[in-house]
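First chain A sits with chain B, and in the next complex the same chain sits with chain C.
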Partner chain A sequence: MSKPIIATASLAGCFGCHMSFLDIDERILDLVELVQWGKSPINDIKTFQQDCDIALIEGGCCNDEHIHTLREFRKHCRILVAVGECAIMGGLPAMRNNIPIKECLEEAYLNSPSTSDANPDKIFPNDEELPMLLDKVYPCHEIVKMDYFLPGCPPRADLIYGALVALVTGQEAELPYEVVKFD
Partner chain B sequence: MSDHIAAIDAIAAKYDNDPTRLLDMLLAVQEQERYVSDAATRLLAQKLGLSWGDIQQTVSFYHLLSQEPRGKYTVYLNNGPVSIMQGYEGVATAFSEAVGCSFGSVTADGRIGLFTTADMGMGDQEVAALINNVVFTNLTPEKARILVKAMQKGVPAQDMVTDNTEYGKYGDGNNSLPSIHSMVCNNLIKPGPVCFGPYQAGAALRKCVAQSPEQVLAEVKASKLRGRGGAGFPTGMKWELCAKAEGPERCVVANADEGEPGTFKDRVLLTERAQLLFEGMAVCAYAIKATTGALYLRGEYAYLKDYLEQVLEQMRSDNLLGKDIAGKPGFDFLISGCSWVLAPMSAARNQLLESAEGRRGEPRNRPPFPAQSGFHTMPTVIDNVETLAATVQIIDKGATWFRSLGTEESTGTKVLSISGDCDRPGVYEVEFGITLGELLTLAGARDPQAAQVGGPSGRCLNAAARDTAISFEDCPSAGAILIIGAQHDLLTIIDNFMAFFTEESCGSCVPCRTGTWMLRNTLRRIMHGQGTREDLTSMRQLSAVMQKTTKCGLGHTAANPILNTLDNFPHLYDALIPEQTDIRSFDLEAAVQASNLTVGRASVAKEEQV
Partner chain C sequence: MSEDMNKPLTDLISLTIDGQEIEAEEGQTIVQAAQKNGIYIPTLCALHADKENGLKYDLAPGTCRICTVKANGRTTAACTTPVSQGLVVENDTPELNDLRKTIVELLFVEGNHFCPFCEKSGSCDLQALAYRYQMLTPRFHYAFTPRKVNADMPKLLWDGNRCILCRRCVLAIRTEEGEPLFVFANRGDKSTIIVDTELIQDISEELAQQAMDICPVGAIIRKEKGFDTPFGQRKYDHSPIGSISSISSDMTCSSGENKTGGEKS
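Take a look at the complex of A and B:
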């Protein structure tokens, strides 16, 4: 039997969860014995070349491209894991959810000290290639069904590694308190 | 400016610069200046020795007080469920079109402000509105336009209700008395033997003073009377606890707040049987040896205040209140006018006390219980007005007579407020044990799909529950019964209830503050066809957490509308949950609309809609 394929994505996140994933250090050598890598920023594969078994999703959805990406992941992956606070609840980016999007854009491009003088024509970036911001930042489970949730900001490397190995080997994950506590 | 200072000074002086009368002062300021300005807040703080924040937090808590001007005329239109069922939408549109501003705002000239309110205790005569504390009922778009014209002409709100004009005419019974002059109707459809039965003023008090307080207490205990506010605590036991509590003085508070949407029985009791209530307070005072009494009246019933004070005055001159009552030396009991409440919910009595003492209506920690340390730390009995009224008849006619009414565990009668889709909405005094089916027939229910018993925090019953008895054994409530006809979307009404809870949550504890919003948002997602099976499970889980972890009655019961409909109307949810797929339904076009508009892009539309 071929090895399961894992994919990862970072949506409205800070890549901190990916960094934390890399903190598994030399255990990455054990991991490559267990899995194959599919689409991921880590190997810079940008499209799905085949369907994957497990995908780790960092970040929630703040623009239309995130919605598209997440839906693609759902279609192409058997198991989706929400990794970290932003994927689970929206996290820090969701702090803008109480502010109308127009105000957010005006603050960023027209009124802030660094842009007010630099943007005399009061232009909002609007190239067709740019994704459009959503009215709010949405947690992943409101867009697609998520199968598992790994809490933390970021989740500890031990948690990510333990969960992945458990999913791959079909054994119950060992999650001692120290691995999921945050204070 | 000095006029302004003098005006605030005068208001503070009227209430003896007593910080516990802050709410009365703020109401007076609101009435005079149409809002509570920052300047007024600072002046009052200085006068009363409170901090600016103390006053600020009280102002921000109550929905009839505001920190922004609300217009020379302030219209509060009720957007509760019955109002919506009876045509709120049309009336609201007529108001905003005629006035020229939307709800939640004030006209540019500052003349008229339009606002909504959750409930006014007028469920039997919706659509209702409060304009500068004057109640207008049975509104139609046509009447709304007439009222707007009058406001634009500058007619004082009170003058819009007269003997019989185009604006409105006086209601029946005492509503037409000069001290009330209100267009509110009693709609007393079925008077019963206790609250609305034959009553001879002073008879019970004279019987009281011929006995010892202990004997009076024993008679109330023997009647097995239980609190009429919904919780059903044995009244005699409550009185006894208070009588035994240590304290230099004791207090009786009559709770006429009836803040649960759909209740309006106290309105009719206060209008037609005020003396029965006050005599009940005196009976209680005699039994527990209390010297002070207070009536806690909800803000929407302000129009009854002058009348109630008149009744109190009359009773004082009849020696039924005051000193040496009914000729009994040493039996002194004074009811100090009307205190005020504005938050339309005080199921938890500790909130009522905070409010009566001039603060935000947040729940107090228990213990101590009010019977030990209540109003101004006095041992206090707080009873529903209906409970207190019943004690008069118990003393006059005897506990045995009272026990012959009702059922084994629920003795006596219950005054019910029936509203919604029926031919005869109004007040019914019936013996406990009457079934829901009998009530529906009595009221002339029209094609009912559901009955909401006990307001939003009560129970939502379906057709299978016709045999449910109105009693403490089976279905306890404060007596609000809302009949919902088959033509209405039940979940829209449930959504309205959840909106009420998000609004009324005081925010003191997290499970209530956040839980109410999470439940409402999930319900809305389901109603928009974006729900999942997991949502149903998670709503149940969240409800269980709220029931276990919230601080007061509001939080304990806030999930009931959801839980009841999940149990009794599961098909409504099933029909809305789309075929299970792993991709949730999400309206991308709507979600990017605001940013498209801001940057000037036509549409994303490059995504297939799911």
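Take a look at the complex of A and C:
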């Protein structure tokens, strides 16, 4: 049997969850024995070359490109894992959810100390190449079905590793008290 | 007659919690009786008075329902239900714990709980209950309800995003003249805490600290003191809420009392 293929994505996240994943250190060598790598920012493979078994998703959805990417992952991956608070509930970016989007943009591009002088023509970035901001930041499970959730900001490397190995080997993941934390 | 004289001051009655027979005093609540006997019933609004929190009497606002038990088969809040002779209480059962987990999940989606940057994270009772019941994510949709923050006062800030409306601050945090600093306003999903911004101007450091400490979540935060306990040293970093080490303050308290009693005799 061929090894299961793993993909990862970073949506509205800070890459901290990916960094935490890399904190599994030398266990990455054990993981290589168990899995193959598909599309991921870690190996810079940008398109799905084949369907994947497990995808780790960091970050929620704050623009239309995130939604598109997440739906692509749902289409091409058997199991989607929401990794980290941003994927689970929006995280830090979702702090804007109770502020009207117009106010957010005005604060960022017109009124903040660093932009008020630098942007005399009062321009909002609006190139068609740029993704469109959504009204709110959405947790992943509000856009597509997510299969598993690993909390933490970022989730501890032990939690990510333990969950991956459990998924690949078909065992139930262990959830030790000190490893499952929300911060 | 001699029987009467041997009677203790308050009548002792017996009841069972999860099959374990315990003694309690008439007039105690199920939560108080369990506490005395070292049995953990989760609470978010009820609070046992001890040296650490500086309360003079136990609080039991009965607002959160996390203490729900079955008493003679009926679900009820253990912090407001008095004990009675022969009462059969179910507490630590899969059914009740799942119900409690549901309450925790509802509280998480109703407010805006951004644990990663909350000053109370690691020492928060709501978060600790989520850990205890292994909540990986709430099974409900996040409401992202707009809530107010009041930071326009010295020493403290109040963050409605995290307030679970437990009423502890309303009951316990008072000026020396007994005036409340926190009051309830509105009803239903509009309910909120209002801070008396005039009275709060000159509260002492001690009262500010007590307000932060008795708040079960991170809704009352001392200014300039946030994040001063490093990871690994916070209240619930190593052991779950309700385990021996996290109720040790109560244990120390009662053994301390015994010691004083011993010295006197």
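The criterion applied here is as follows: the second predicted complex is superposed on the first by the 180 of 183 C-alpha atoms of A that agree within 3 Å, B and C clash if a C-alpha of one lies under 4 Å from a C-alpha of the other, contacts with A are read in each partner's own complex, and residues count from 1 in each chain.
Note that a contact is a pair of C-beta atoms (placed from the backbone, for glycine too) under 8 Å apart; a residue touches a chain by one contact, two chains touch by 3 or more.
These figures come from a predicted structure and were not determined experimentally.
Visitor: Chain A superposed: clash or fit between chain B and chain C?
Guide: clash
Visitor: For A:Val144 in the superposed arrangement: first (chain B), second (chain C), both or neither?
Guide: Only chain B is touched by A:Val144; chain C is not.
Visitor: Is A:Arg71 contacted by the first partner chain B, the second partner chain C, both or neither?
Guide: Touch partner of A:Arg71: chain B, not chain C.
Visitor: Quick check on the superposed pair: does A:Glu85 touch chain B, chain C, both, or neither? Answer first, second, both or neither.
Guide: Once the two structures are laid over each other on A, A:Glu85 reaches chain C alone.
Visitor: For A:Pro100, is the partner it touches chain B (first), chain C (second), both, or none of the two (neither)?
Guide: In the superposed model, A:Pro100 contacts chain B only, not chain C.
Visitor: Just chain B (first), just chain C (second), both, or neither: which does A:Leu175 touch?
Guide: A:Leu175 sits against chain C, while chain B stays out of touch.
Visitor: Touch test for A:Phe124: chain B only (first), chain C only (second), both, or neither?
Guide: A:Phe124: touches chain B, not chain C.
Visitor: Applying the touch criterion given at the start, work out whether A:Lys136 contacts chain B, chain C, both or neither, answering first, second, both or neither.
Guide: both
Visitor: Chain B has the stretches 399-407, 543-551 or 579-587; which one runs into chain C?
Guide: After superposing on chain A, the stretch of chain B hitting chain C is 543-551.
Visitor: Find the residues of chain A that appear in the contact set with chain B and again in the contact set with chain C.
Guide: On chain A, the residues that contact chain B in one structure and chain C in the other are 136, 141-142.
Visitor: Within their complex, state which residues of chain A touch chain B.
Guide: 63-64, 67-68, 71, 74-75, 100-102, 105-106, 124-126, 132-136, 138, 141-145
Visitor: In the complex, go through chain B and note every residue touching chain A.
Guide: Interface residues on chain B, with respect to chain A: 525, 532, 582-584, 586, 588, 590-601, 604, 607, 610.
Visitor: Which of the residues in chain A end up touching chain C in this complex?
Guide: So the residues of chain A in touch with chain C come to 82, 85, 88-92, 94-95, 97-98, 136, 139, 141-142, 148-151, 153, 175, 177-178, 180-183.
Visitor: Mind listing the chain C positions that touch chain A in their complex?
Guide: So the residues of chain C touching chain A come out as 112, 114-118, 121-122, 127, 130-131, 134, 136-137, 141-142, 144-147, 231, 237-240.
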